[in-house]
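Listed after this line are the structures, all set down as structure tokens.
Note that chain A is present in both complexes that follow, paired respectively with chain B and with chain C.
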Partner chain A sequence: MTITKGDKILIAIVLAVNLLSIPFIFAVQKEGVDVIVEADNKLIGKYSLKKNQLISTLGPLGITDIEIKDGQVRIAQSPCLHKVCIKMGWIKHSGKIAACVPNKVVIRVSGENLNGMDAVVG
Partner chain B sequence: MIDTTQDTRKIVYISLLVAMSVVLHTLEQMIPLPSPWIKFGISNIATLLALVLLGFKEAIIVTLLRVLIGSILFGTFLSPTFMLSLMGGVSSAIVMGVFYKFFPRYFSLIGISLFGAYAHTTVVIILVYYFIIHHKELFYLLPVFLFFSAVTGIINGIIANKLVMKVIEEKVLGLNLLQKDYY
Partner chain C sequence: MGTLFDITVSHPDVEEARKATDKAFDEIQRIEWLTSNFSSKSEITKINQNAGKLAYPVSEELYILLQKSIQYSQLANGTFDITIGAIQDLWKFENEIRTVPATETIIRLLPLVDFRNILLEENHHVRLKIEGMKIDFGAVAKGYAVDRGIDVLKKYNIDNAILNGGGDLKSIGEKSPGVPWKIGVRHPCKPSDVIASLDGKNNAIATSGDYQKYFVKDGIRYHHILNPVTGMQAQGLQSVTIIAKEAMFADAMATAVFVMGAEQGMKFVKSQSQLEGVIITADGKKIVSSGLKGEIEFHDDN
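Up next is the complex of A and B:
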């Protein structure tokens, strides 16, 4: 089976749509102001990114440590199996999320530029 | 008699594809990637092969068994990861089956694989949104994920194309197992 005309058209459309969506992604990359921490779908708290601190949150599996340093935030320690959340590393732009799915801990950076987004709490 | 041989052959081919799929799935987990959210999805090649060489039902069986065995190997059986993998895998297999059945002449396996990859990514993101992370910001990442899934989908499609050609050239399968309107 070889590449068909339909394939080429499809690939062209997909690439075009992807290229067009690039500015849209960067449009929301604004520096964050606060970090919102949630565990088990409940709001734990809102912390300023300007203050360096370590926050411990309790999830179903145990304690997840969240570190805030120099305007960035990351999950520093979590009792999950694959440590995917820790590998996600530092986040600082508003709207960015780091989550420890097994321990149901979600941290997200919020900024004043994203109007209305702060109202969305699951 | 002929029917039983055909059935046995089919079972053997399904098992081979499942084995191949599980091995690819395992290998994939070992490849270090910059983001844990991006996967190659190379085990999808086995689903594509099953779809073309054996049929739609067999493709679904291969996908289900791959997810099941893979999850047991990694100890994620019935965990959220398993659920995402299951729903993503099955939905992509269904989408690929539908496109393969209704548009066989328009798309080669590259197009079919691309549709499957998109279905997988979209379904997984929607499920993550509804069940794990209830934040609309997640959808801002959708173009990024879709871009990577398009790239991996195209690569998988090219590999699957070549493999199917090889299987036909070498006459590995009895040709009567092949879908009629193939080529």
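Up next is the complex of A and C:
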């Protein structure tokens, strides 16, 4: 995607608020039941929740492990101090987010069921 | 707040948008510090520590937040109460090991839950009347952060945006000229779906649901919305969505209406000219306030 100056663009930014720091990332379009992994504001990849797997990604503090199992995903291991990200537990529903704020890793479940919505409450 | 905030902006200049969202997130982080009782140094922690003893001086902003919260409690006749902290703590929704507190413990601590015992004194001094009382801003902090975040975006020339704080959101402007923001309301039984949608029209929308935070023990589901009068889970509803001008107000009133239940709750919404709402009952019935009819579209079959 290229952005030229003056283009009307949509920017979606995500923040994980905890007691430590302020991260933000640029999110990407979503389709299907996948998890989108981002590290240090960059898209790392999109992975199907249907395939059990372990994804390791590098952030400023080190490696964060993301586990996909039985249609759910979680941050399984991360080199942060308080492990808030791991405590967030498994997520599986469209639009749900978990994040390791100190290591700047964000995982977001995309999905086909929330089609057409710009935001969802609840 | 244990919540993720998500900002969507429609703006012609990406750099300007990025700067504005940075500033908005800074503001949200500041409010996290202001309203949190996790930090031992926060004003809320100090007020709580001095409960039953001293009046503690707080910032003007926190004082106003407390004033507003008390007004909300009065308006909602105690179905919303920030002094729920003492009971909320018993349920330990944040912990991995979940236990159901003993009924005797709940009954013993219930007298600590009463917004009338928050005394706002001169020079921004706050006193909790009874030792052990505990303020928990859980039901308003997210909404307040959303309101303030939107104010910051506006200040930095953003006219079209949605700020979503995990169940509380506020929208300004539109997605593109002539195309309104589309806001979905999550389906309480099928959280991957939306049950309804409506246009975001410079308003705040907040949902309280029994599916948002809960645990199951011995076949019983214990969710996080507590009735301040009983100290137990509010019964009878699956979710309440409230539309108002301010997210903080919508947030608090979604909790209050959930506690009130279907009949009282809808009566209350109708009595407040600045509120609209949708109640979804435990048996799946949808009750819509009159101002929303024609504005809200349901996406399921019934």
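Please note the rule applied: the second predicted complex is superposed on the first by the 82 of 122 C-alpha atoms of A that agree within 3 Å, B and C clash if a C-alpha of one lies under 4 Å from a C-alpha of the other, contacts with A are read in each partner's own complex, and residues count from 1 in each chain.
What we mean here is this: a residue touches a chain if its C-beta (ideal position, glycine included) is under 8 Å from a C-beta of that chain, and two chains touch if they have at least 3 such contacts.
Because the structure is predicted, anything quoted here is derived from the model rather than measured.
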TODO: Check the residue A:97 against both partner chains and state whether it touches chain B (first), chain C (second), both, or neither.
DONE: both
Open item on the list: So in the superposed three-chain picture, is A:81 touching just chain B, just chain C, both, or none of them (first/second/both/neither)?
Closed with: first
Open item on the list: Output the chain A positions appearing in both contact lists, the one against chain B and the one against chain C.
Closed with: 3, 5-7, 10-11, 14-15, 18, 22, 24, 84, 87, 97, 99, 114, 117, 120-122
Open item on the list: Quick check on the complex: what are the chain A residues that touch chain B?
Closed with: 1-7, 10-11, 14-15, 18, 21-22, 24-25, 28, 41, 81-82, 84, 87-88, 95-97, 99, 101-102, 104, 106, 108, 114, 117, 120-122
Task: For the chain B and chain A complex, residues of the former touching the latter - done: 35-36, 52, 75-76, 79-81, 103, 105-111, 114, 128, 132-138, 140-141, 143-144, 146-147, 150, 154, 157-158, 161, 164-165, 182-183
Task: Of chain A, residues touching chain C in the complex - done: 3, 5-19, 22, 24, 27, 84, 87, 92-94, 97-99, 111, 113-114, 116-122
Open item on the list: Could you list, by residue number, the parts of chain C that touch chain A in their complex?
Closed with: 1-14, 17-18, 21-22, 25-26, 28-29, 32-33, 36, 38-39, 94, 96, 145, 162, 164, 167-169, 171, 175-176, 181-186, 188, 191-194, 197, 200, 205-207, 209, 212, 239, 241
